[in-house]
Structures are given as C-alpha cells and as structure tokens.
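Please find the structures below.
Two complexes follow with subunit A in common, the first pairing it with subunit B and the second with subunit C.
Showing the complex of A and B:
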C-alpha cells in the first residue's frame, strides 16, 4: 500500500521485506527493515533502536556536579561531548562563569574529539561501504603509488610501501581467517573503485588505525585519560603552572609542546591522507546520488565552539546555529532550546507512554515511561522478532521534532547552515569541492554529501585546534593562567531551585541536555541527542525521520546484501547508546511485553 | 590453507622480520611486567601456538572499551587483529551486518568448539524480557549464552561486564547484570575500568595466548598483575599526601603545585587499578596527573558510593588511628604541624610494617582478596 507522508515522502510496503539486524560498524544496536519493489529499489524504510539503558532516571537525586561523569558514559565513541554538554547545563542553571582558559581548553577537547571521531568513522566504520578489500589484491603497486602521489604529498606512497601492504593483505586473506573482514560483501557490483584505489584505501585504513591513538593524547593531557577524560563544573580540572615549583604536576611547557606537536601531525594526516582519499573515492561514486533524505529540506544545528567564554549568543559560536525548513536556504531560523514550542519529543511509535500520545513534550517537562508492545502485524514472537510492525510502536528511540518538523542533524546540517548563512569558512570549502568534482550544489544533499561534509569538518576542526592552542598560549603570555572558578562550588551558594540547558555540536550532530536542580540535587534530567533526531521513528502525524527518509528510492545491486543500506546509514555515523538511554521516572518495570 | 598458524608464522608472512618479532616479544614481556628474561619464553610460545578466534559481543554499553582497545600502543591493535587473534565477530568493526554477521557466531561455535575466547563488552538486561537490548530480534542474553556455551574462557571487558557499571547504578532500571551473574560454567576474567587501560587489555589477551593459561586472579576475578594495588599505593602525588599537602579548592596554589587531590574526593586510596603506574594513552598521563581525582571507575558499584567529590573519610589510609582529614586539618594550621604529623604517621607506618599494607606484603595484597576490606581500604 502506498502512502504519502506529511513531509513529502512516498512509502510503499508492498514488496519484499529485507531485515538488517544487527547493523554493524556503528555505536550501539540498530535494526533496519526495508521493502523492495520488483526492481530492488527501497520503497519503505523502518529504523529501530534496539537498546536503552535509563541514565536519566539514574541521575535523579544525584549531585549535579557529578552529572558529567554519568552522561559521559552515554557514549564512549563521542567521548567527552556529553560531559561538556552536562557541565554547560549545570553552569547555565547555577549562573556559573568560567575562565577564558577553561573555555579555550574545552574547545580544544571538543575539537580533538571532532578530528579523531571523524577520522575513525571514515576509515574504520564507513570505508568498507565504498572500498572492496579483496579487490585491492589485484592492484598494481606501482600504479597505486602513481595514484597516491598524484593526489597528495603524504610521504608513505612508494610502490614498495603499497607492495608491502598488499603482501600482508594477501597472506591474511589466504590464511582463511578473515577476522573482521569475514562474510563481507566483497565483489558486490556496487563497489566502484579500481583495485589501485582500493589498495590505497586499505593502506590508509591501517595507517589511520595506528595514528588515531596519537590524536586523543590531547584529551589525556588536559583530561587525564581517553576514552572518558575528566571534566569540571566551573572550568577544567587541569591547573596551569608555567613558572613555579610544582609545574611538573600541572600543565607546563612540556605539556603544551606535546599538544602542539600532536596538532601539527594531525593537521598533516587529515589534510594529506583523509581529505585526498575522500575526494578520490568520491570521484568514483559521483553517479551514486542517493541518500539525501531530509538534508535538502530540514536541517538543524545548535552551534558550538564559543570564541569567548560565557557568551552563548549565536554570533559567538564558530559552528553555526540555526534551522532550515522546507528546503529554503534563503532563511535560517533561530533556534531557542528554552522555548517549549520549539523542541518537543513524541512517542506514538516509540516504546514509551504519554498521557496523550498525539502531543509532544518539551524536554524540561519530559516524561519517559517504557511501554514495550508490538503491533498486530509483527511477525515472530515478543522475544524473536522476524518483522516489525511500523504502524505501531517500533523503536526505543523517541521522535523529537522542531516546530513539528523532523530534522536532520550532523556535519552536513552544520555545513549546509554555514553555507546558507554565507559564512566563508563553510561556503568556500564546499564550493571548492563541488568545483573540483564538477558537481552542482544539489549534490550536497546525498549520502556522499554527508560523508564529504564530515571530512571537510575534520579539517576545519583540526585547524581550529591549532587556533585555540595558540590562543591558550597567548592568554598565558598575557598573564592569565586561571582554569577554574570555584566560587559557586559549594551547594550552599546555589538557589533552591534552578533549571538550565547545555548544548554542543557532537560529531554526530546537535546535542542538548536539560537539567532541573532542586535543593542541591538533580530533580529532572533529559538529553536529546543527535541519533534521536536522525534515527527517529515516525511521529503521530506520520512524518518519517532522517534515516528512514535517506534510505528511500535507493536501488540495491544485490538484494540479499545490504551494502547500500549500510552506506547510507553509516553516512550519519549512528550512535545508538546515545539515542536510547531514556527511562521511566521511578525506574520500575512498568509493563510486560504484549503481542496484540 | 591451515587455519591454525602460529603467531610467528603469521607475523613472518606479513613481512615482519625475525628481528622485529623478537623486539616485539621483548616489548610485550616488559609490558607484562615479566622482565627481559621472559622474552625468549614468549618468543618460543608465539612460534608454536595457533591464532585463536575471538568473538567480541556488545550488550548494554557505550563502546568505550572498544575505543580504549584500539588505543593500545604495545602491541598495536593492528598487530593484535592481524597477527595474534582472529577477531571474527565484533559488531563495532566487522564488515558484515545482519544475517551474514550472525552466521559467524554459529560458524565459530561449531568450528572451534571449546577453543575460542568470548570477549564481552557491556552487559545483559533482564527486565522487559531482556528486550531492552536485542540483536537479530532476540534478547542479547540469548546471544551471550549461546556464544558462551562453547567458548574456552570469557573476558569481561570493563566495568559493565565486570560489575554492571552505569546502567546498573541505582535504581538499575533495566536490571542490567554483569556476565558472571548469568554465565556460571566458564572461567571469567574481569578487566574492570570505565574503560580499562588499553595496554592492560592487550596485555591480558597476550598473556593468555602466550602462556596458555588465564592470569592469576584475585577473589573478585581480576588479574592480580594489574589490579593488585591501589592507585594511591603508587601515585606520584603520594608524598604530598604523606606531607599533608592537599588541594583545597579547584585551581588553587596546591592544584598548581600538584598537591594531593584526596580532599577533592580522589578515590585513589580505595581503587585497585594500574593507572598510576601504566598510565593512559602510552603513558601520557592519568586522571590525578591532569588535576582531577580518581573517580574509582574500576571498582564494583562506584556510581553509588556518594559524590565523586566526597572524600573517603572512613578510609584509614595511614593504617593508623589518624585519618587524612586530621592530617589535612593539621596541615592547614602551620607547616610545622604538618611536618610533625607526617613524621608521626611515617614512624607508625614503619613500626607497623611489614604485613599491614597490601603493597608491602610479600605475598600479595590481602585487602584485594576481600571485597569488604577492599572497599574501605582497611588494613587486615
């Protein structure tokens, strides 16, 4: 049966149902079901979050100064971004001002995450959707070297280098123990790279795996460890001591030099390996224009990377804030996270209950009561689901909407908003890529556009890292070495009741935490995370979310191999532990599973 | 081609020279704390032993353990995955999805019955019929039990698999339980931490492959070699603790001088882990070195022991009647008083040893074997 969604997509669930569960190479657990027509084109898509943990209820009654550590454990891949969002929410509620250096170091932490996370996503989570590992065995190492040297100055590019990688790969494949490459979709006709490009990408897959652990040492310097560095309400925990006795126990010149050298090497890796690879791969997939989904009509970003401390205005954010709806790039709307009419979450198709499920709730008034029921058209049993019924509740993810609109968030959203606002740092790189690949601006709105925006952002982020590290040093030179403001550390200085909101732009998109504090304790805590937006199920009006929209109308080369589905889902960099952590107010099991 | 090649064969096939191989063995022996004498034994073992399949399952978790694992510097995770183990199932990095992925679990169970390692990141929820974490339409608990049925041993990665961690914090809404609560018939090695240190993770794997045995465990199931001592025992800020020099407020003079973080809530005195010795990310730093107290993330139930900024007032870390609060109060008075108290405490410590403190007991750490004592850090 064919239906039209209010946000303009045609769904038809008549054809063959294909189930992908688990969707791998993501964070957390995701299921995807699609219906294929007689030409193996996706005509209906269903995205199901298959886990939840209940962190918000666990936070109730706890010390707000501890919340960063709990929320940081929402996700270990985008590690730190929830912690930053949390300390911002608490500081907003309590009116705490942070020192300039603390703002700068927080930006350095966040930009380190962006650089690392985008790099690892491209090579280790996403590349195998475009790169056929087995095909690399057929490559000519000399031709691979010519290719590599034609696109980059990266020194590890000799024929011998690629021959060595190829030999190692050959012996690995011949061993019969393929490890993580076992049962991959090698040889699928949707792979378009010549063997030489595949070999180059495999070599860089391994180099990136070695290199990524260097980038995060910046977190280790300022936060003590990675994953899950430490944060502090009121500033950052690392004190700075450049001159005096005991400097070796604090951030000193040696530590600053360490960070600086890592930044330089990361700039080289991203600009000489990641970006050239991205453009080279994209040039072979220019005809694969699928996966745009919501990106051409509804995108949103909260903005992040404040230039100065304690100024939350849109103008102070280096990553743009705004919302675009109905595909009108001429108008970027303001986003106000405190306005109850703007962001609301719906649960009509999520495994939760509201009193009135036709209505949405703003996060400060959020209710999260689980209700795991399956619809009448479910195939299978309650603990062995063969096919899910999307007319009923079908996901552990809620459906957030901005003024009623399903929105896409993430690097592409940020870059489209920056482009629409005419911000040169975003507009110029986008135009250069489009020119280099000879593509129209509409090519942005696609799976590849999402992947390209992430790469551009990684480069943007690592150069901003350089900027903020230099800014830190300049401020130290000017005599300011403060890193924390402890004047409101003691809960006796707090108001009896307070509410706040904190935001970041996580690698995967707009992230917000809403907190209510009462008598020095957390009264309510709600997080609306990027994959809640992108992975959202339908809302009561029938609007589909970004994953579902992006999958529509994509042909599968081999219907039994979900390569194209993975390609588009991975372009969002899904994070399911993030999106499905919500839980009931009292923490009890409120329902039994029923198959109606 | 045979599927049971030795590490050495695999490494040689991948273009690694014998010289590099021996260097690797030497580094690994050092990382394991075994000393240079063991490097030859390690090399011999790796020349004769096959690559072992590993199934790495993910339950309720945040993937920080996987992220930590790929940070390993010695050995590099590239070498672990290409040369030491056969990481046949790990949904964070594997190429296959859906039924092509699930088929691997069945295949490995059959082909390597009793001869593969099951690594578990995260844990299983029991509420909601287990469906608050489902994979291939079925509860994660079922996948876990099936994969465990034919494995040789289980590694419980991180605090989720070892203890329950954040989703099991009060009131544990999903009834998330650690692996040893649902699997009772297999050896389980707990490698706690949120996450565990990368080189500790790879060392545990390498140790098992090399010596063909599981590491010696304490009564809580943790490898003694990495979890036998408290952070506090080897903390480089320990002299400031002993001297009564504490950070009193964030970014104060004491913080800038690297004084002890005990009064800011540091859980180093009650936390058994290798952070203050192995350190993090190739030894760059660890939480205390970067100015924040230890939050005790490798301890059972660390989320529910009060605020991370409450200090551990019931801890007799000196092993005497004085606790550190009183030392700190004295230190706040005059320098002379602090020195005097330190002298008294140190004298009493000297009188009381050996045998009072885990790190000074020749036979190991008695506290580490007793959960009740370990939580408070009390001497035996």
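Showing the complex of A and C:
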C-alpha cells in the first residue's frame, strides 16, 4: 500500500521485503528492512535501533565532575567528543567560565578528532563501499602511477610502490585471511572504478592507516594520553610551562612544536591524498545520485568550535549553528537547546511509554520507560523478529524532532547550513568541487554529497587546527598560561539544584547532553546522539527520519547483496560497528557482512 | 631476545558492560602491583578497534587480556598462544571489540609489523548484559591467576619487574581514577534509583531481572 508522509516521501511496502540486521553490543543495534519493487528499487525503508537508552542508568547519583569519564566509554569511536559535551553540560549548569587557553585547547582536541575520524571513516569504514579490493589485483602498477600523478603531487606514487602494495595484497588474499576485506561484495556491478583506481585507493587505505597514528598524538599531548584522553570541568587538565625543560607532565615548547609539525603533515595528507582520492572516486560515480533523503529539506547543526571562550552565541561558532526546514535555504533558523518547544523526543514508534504519546518531551523532562511491544503485522517472535511492523512501535531509538521536523545532522548538514548562510569557508569549497566535477548544486543532496562534505570538512578542520595552534602559542607567549578555573570546583559552591546542556558537533553530527544536578550529585542525564537524529523511527505524525528517507528510491544491482544500502547508511558514519546478517525473504540467513 | 624487546600488555573490552571489562581490569590490577622497565607498555585499550594498530605494530611481544567466548563453563581462564590467537578471537564473536581486534592483527600484518609472539589470556564471561555493572565474582577471581600467567610468559623472555607495595602513582595509560574498579563499583546507583529495567533482549540472559 502506498502512503505519503507529511515530510514529502512516498512509501510502498507492497514489494519483496529484504532485512539487513546487524547485531552489536557496544554502540547500539541497527536493523534495516526495505521493500523492493519489481525493478529492485527501494520503496519503503524501516530503520530499527537501540542507542543505550538512558545514561541515567549508570550516572544517577554520581559526581557530575566524573561524568565525562563514563561518557567517554559509551562507545569506542567518538570518545573525546562525548567527554567534551559532558564537561560543557556541567559548566553550563554551574555557570563555570573557562580560560581562553582551555577553549583553544578544546577546539584543538575536537578539530583533531574531526580530522582523524573523517580520514579513518573515508578510507577504513566507507571506501570499500566504492572500491573493489579484488579488482585492484588486476591493475597495472605503471598505469596506476600515471593516474596517481595526474591527480596529486603526493610523492609516494611510483610504479614500484603500487606493485609492492599489489603484491602485499595478493599475498594477503592468497593466504585466505582477507581480514578487513572479508565478506565484501567484490565483483558486484555497482562497483564502477577501473582496476587502477581501485589499486590507488587500496594503497592509500594502507598509507592512511599508517599515517592516522600521527594525528592522535595531538590528543596525547593535550589530553595526557590516548586512547581515552583526560578532560576537566572548568578547563583542560593540562599544565603549560613554556620554559620547562623536561619536568613531568607540563606542555613545553618542544611538545608544542611536535603538535605543529603533526598539523603540517596532516594538512599535506588530507589535501594531497584524501581530497584528490575523493574527487577521483566521485568522478566515476557521478551517475549514482541516490541517497539524498532529508538533506535537501531539513538539516540541523548545533554549531561548534567557539572562536572565543564563554560565548555561546551562534556568531561565535566557526562550525555554523542553525536549522533549515522545508528546503528553504534562504532562511536559517537559530537553534536553542534549552527551549522546551524546540527539541523534543517522541516515542509513538519507539519501545517506550509516555503518558501522552502524541506529544514530545524535551530532554530535561525526558522519561525513559521501556515498553517492548510488537505490532500485529510482525512476523516472528520477540526474540527472533523476522519482519517488523512499522505501523506500531519498532525501534529502541526515540524520535527527536526540531519544532516537529525530522532533521539530518552531520557533515553534510553543517556544510549545507554554511553554504546557505553564505559563509565563504563553506560556500567556496563546495562550489569548487561542483565545478570540478561539472555537477549542479542539487548533486550535493546525495550519498556522495555526504561523503564529499566529510572530506571538505576534514580539510577545513585541519586548517583550523593550524589556526588554533598558532593562537594558543601566541597567547602563551603573551604571558597567559591559565588552563583551568577551579573557583567552582568545590560542590559547596554549587546551587542546591541546577541544570545545563552541553553540545558539540561530533564528526557524525549534532550531539547534546542534558544534565540535572541536585545536592551535588547527578539527578538526571540524557544524551541525544547524532545517530538518534539520523536513525530515528517515525513520529506520531508519520514523518520518517534521515536513514529511512535516504534509502528510498535507490535501486539495488543485486537484491541479496545490499551494497547500496550499506553505502548510504555508511555515508552517515553511523555510530555503530557491527556484523550484519542479510536475510532472504523467508528469513534464511544468506550472507554476513561487517558494517562499520 | 635482546634487552630491547618491546612488550605490549593490552587489556581490551568495555568496563561499562560487566565481564566485558575483564581485560581492562586485569591490566589495571597488574599496574597496581608491578612496575616494569621502559620497554614494557601497559595499555587500557578499551574498545578502540583499529585505533590500536599502531601500538600492536610497536610490539615484538603482545599479551592480550580479554573476555573470550571459548564455549567453556563461565569463569574459566584459558591461555592461547601464537598463530591460534587471531583465529580464536574471531571464532565466536561475542562483541564488537573482538572482531575489531582480529582486524587490528590483520592490519598490522598487512603493514608488515606483526608481533613475533602473541599470548591471549581470556576468561569465559559469566555476564555481559548488565550496563553499568562490574565483574562477576568468578571472573574477578580470575584476575590474579591471569596476571600470574602473563608474568610466567614474560619471564620466558627474561623480562623482570618490581613488586610494588602500598600507594603509588597510577600509570597514565589506565582508566581515569573515577572509573577505577572500586569507585566504579561503589558509586553504582541502586536498581530502583537508576530504573535499570527494560530491554528484554538485554535482560534475556539475566533470568528476567
């Protein structure tokens, strides 16, 4: 039966149902069901998931100053951004001002994460949706070298280097231990790159893996260690002493110079390897225009990377804040996270209970009462669902809405907002890419557009990293070495009750933590994470979320190889890494792939 | 083995998921009692997946503590060595980080820096599906025997150590003190206060708690 959603999509669940069901423990569980028409085009999409419902389960009653350490462990991918969001929420609640250096260093930490995460996502989590590894074995190393040198000045591009990579890959494949390349849909007709482009991408996959370790050293300098860097309510846990020559712990000139050289090399890698690869790969997929979903009509960003400390105005955020609705790029609305009328979470299609499920609740008033019931059209049982009934409750993810609208968040959302606001740092690179590829602006609203925005943002982030590192050094040399404000460290200085909200733009989108503090302890803690926005189920009005919208109208080249589904879901960089079971319509397991 | 043999002792897993925290807790306990020379690194790897490739490439000898599904009775400690390690870690996928770690080893291999010696010290978990919970007693009881196995292995490479008494400074690459085993366990909210009910799939193994 065909239905029209209020946010403008046509859903038809008449055709063959295909179930893609990753199972995971750590970052949550995402399952996806689609209906295919007789031409194997997706006409209905249902995204089912869990994000760990309610951090209050582990944080209630604990010291708010420790919350960051717990939130850092929620997930293995975006540790630092949860920690930063958490300390910002506590500071907002308690009215704590942070020193200028602390703001700068936090920006450096966050921009390092953006650069690193985007690079790793592109090469190690997403590229294999576009790059056929097995085809790379057929490439001519000489022709690969010619190709590589035609698109970039990156020095490592000799025929010998590509031959070496090909031999290593061959040995790896022949040993039968494909490892990260296991369970790919190699040879699927949806792969469009010639063997040489595939080999070039595989070589850069290895180079990026080798290089990424350099970037995270910045976290070790300012966060004390990596993985799991340290954070601090009131500033950063990082003493600075420019004249220091080797005393334990303090950041000195030698460490600052190390960071500086890492930034320079990261700029080179992103601008000479990542971006040229992105454009080269995109040039073979210009006809694959699917996956836009909500991006052309409803996108949102909380904004991040404050230029100055303690100024939360939209104008102070270098990554833009705002919301675009109904496809009207002429108007960017401001977003206020403490306004109870703006962000609300609905549960009509989520496995929770509210008193009135037609209404949404702001996170400060959030209620997390589970109610795992399945609709009458469900096939299977509660512990073995074969087909979900999306007319009823069907997800552990709540449905967050901004003034009632389902929103896409993430790099593409941020870049569409920057573009719509006419900010040159965003508008000019977008226009250059579109010109280089000879594409209209509408091409931005696609799976590929999402992937391209992430690449542009990686470059933006690493150049901003340069800016903030220089700003830090200049401020230190001017004699300001303060990194923390401890005046409200003691809970006796706190009000009896306080509430606050902290936000970041995580690599994968808008992240918010809402905290209620009572008698010095955490009373309530709610996190609305990027994948809650993008992976949300339907709301009471029937609006579909970003994943569901993006999958619609995409043709599958081979229906039991959901390469195109993974391609589009991965383009959101969803916060989950999981093994996937692909079920045939009768529920028999066909294939298992890894989704990261 | 020369003096310069580099040893990485890595604990992996998520401390927020009951026995999933075994690996991290074991390396934390090891650091509490023993101090090693500069060529031995103790690391809380959490669930970092491919971000651990660099540390693995650095190591000549890699010792991993982890919760592993061996198909053995809960609370059983088992050591696996050498070429068997990656196969074992991928045999039955219990959680994300295992798959991830098998991949870490494959990537280290692909980059040409595979450790020469590998030891996996794993425990069969009792309980994983308890968010915010800690190690179950039979698993906690495996920590000291697991450490003994690691020390025995290290002694085979001529590695020495110093036994620490009393309070001392916490090494850097371990969980923040707010997450240390004692603080983590004593600060846990009660079941009623935290409303730790719900998700039947998560609770399926708890016996309907």
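FYI, the second predicted complex is superposed on the first by the 560 of 596 C-alpha atoms of A that agree within 3 Å, B and C clash if a C-alpha of one lies under 4 Å from a C-alpha of the other, contacts with A are read in each partner's own complex, and residues count from 1 in each chain.
Assume a contact is a pair of C-beta atoms (placed from the backbone, for glycine too) under 8 Å apart; a residue touches a chain by one contact, two chains touch by 3 or more.
Model, not experiment: these values are computed from the prediction.
*Asks:* Check whether A:124 is in contact with subunit B, with subunit C, with both or with neither, and answer first, second, both or neither.
*Replies:* After superposition on chain A, A:124 lies in contact with both partners, subunit B and subunit C.
*Asks:* State whether A:19 touches subunit B only (first), subunit C only (second), both chains, or neither.
*Replies:* Touch status of A:19: first partner only.
*Asks:* Could you look at A:528 and tell me whether it touches subunit B, subunit C, both or neither (first, second, both, neither)?
*Replies:* A:528 sits against neither subunit B nor subunit C.
*Asks:* Which partner does A:34 contact after superposing on A: first (subunit B), second (subunit C), both, neither?
*Replies:* neither
*Asks:* Of the two partner chains, subunit B (first) and subunit C (second), which one does A:486 touch, if any: first, second, both, or neither?
*Replies:* Touch partner of A:486: subunit B, not subunit C.
*Asks:* Does subunit A have more residues touched by subunit B or by subunit C?
*Replies:* B
*Asks:* Touching A:206, do we find subunit B (first), subunit C (second), both, or neither?
*Replies:* both
*Asks:* Applying the touch criterion given at the start, work out whether A:69 contacts subunit B, subunit C, both or neither, answering first, second, both or neither.
*Replies:* Both partners, subunit B and subunit C.
*Asks:* In the superposed arrangement, which partner chain does A:406 touch: subunit B (first), subunit C (second), both, or neither?
*Replies:* After superposition on chain A, A:406 lies in contact with neither partner.
*Asks:* Across the two complexes, find the residues of subunit A that touch subunit B and also touch subunit C.
*Replies:* In subunit A, residues 24-27, 50, 52-54, 57-58, 62-63, 66, 69-70, 73-77, 79, 120, 124, 168, 172, 177, 179-180, 206, 209-210, 212-213, 216, 224-225, 227-228, 230, 370, 372, 382-383, 396, 577 are touched by subunit B and also by subunit C.
*Asks:* Could you please specify the touching residues of subunit A with respect to subunit B in the complex?
*Replies:* Subunit A residues touching subunit B: 19-29, 31, 50-55, 57-58, 62-63, 65-66, 69-70, 73-77, 79, 120, 124-125, 128, 133, 164, 167-168, 171-172, 174-185, 206, 209-210, 212-213, 216-217, 219-232, 234-241, 244-250, 258, 370, 372, 380, 382-386, 396, 481-486, 489, 561-562, 566, 577, 583-584, 586-589, 591-593.
*Asks:* Which of the residues in subunit A end up touching subunit C in this complex?
*Replies:* Subunit A reaches subunit C through residues 24-27, 50, 52-54, 56-63, 66, 69-70, 73-77, 79, 120, 124, 168-169, 172, 177, 179-180, 206, 209-210, 212-213, 216, 224-225, 227-228, 230, 351, 368-370, 372, 382-383, 396, 577-579, 594.
*Asks:* What part of subunit B is in contact with subunit A in the complex they form?
*Replies:* So the residues of subunit B in touch with subunit A come to 1-3, 5, 10, 13-15, 51, 53, 58, 60-68, 70-73, 76-78, 81-82, 85-88, 90-98, 100-104, 127-140, 142, 165-167, 169-176, 194-195, 198, 236-237, 249-252, 255-259, 275, 280-282, 284-292, 295, 297, 303, 307-309.
*Asks:* Name, in rising order, each residue of subunit C that touches subunit A in their complex.
*Replies:* 14-17, 20, 44-54, 93, 95-97, 99-100, 102-103, 105-107, 109-112, 128, 131-132, 172-173, 175-176, 178-179, 183, 187-189, 193-201, 204
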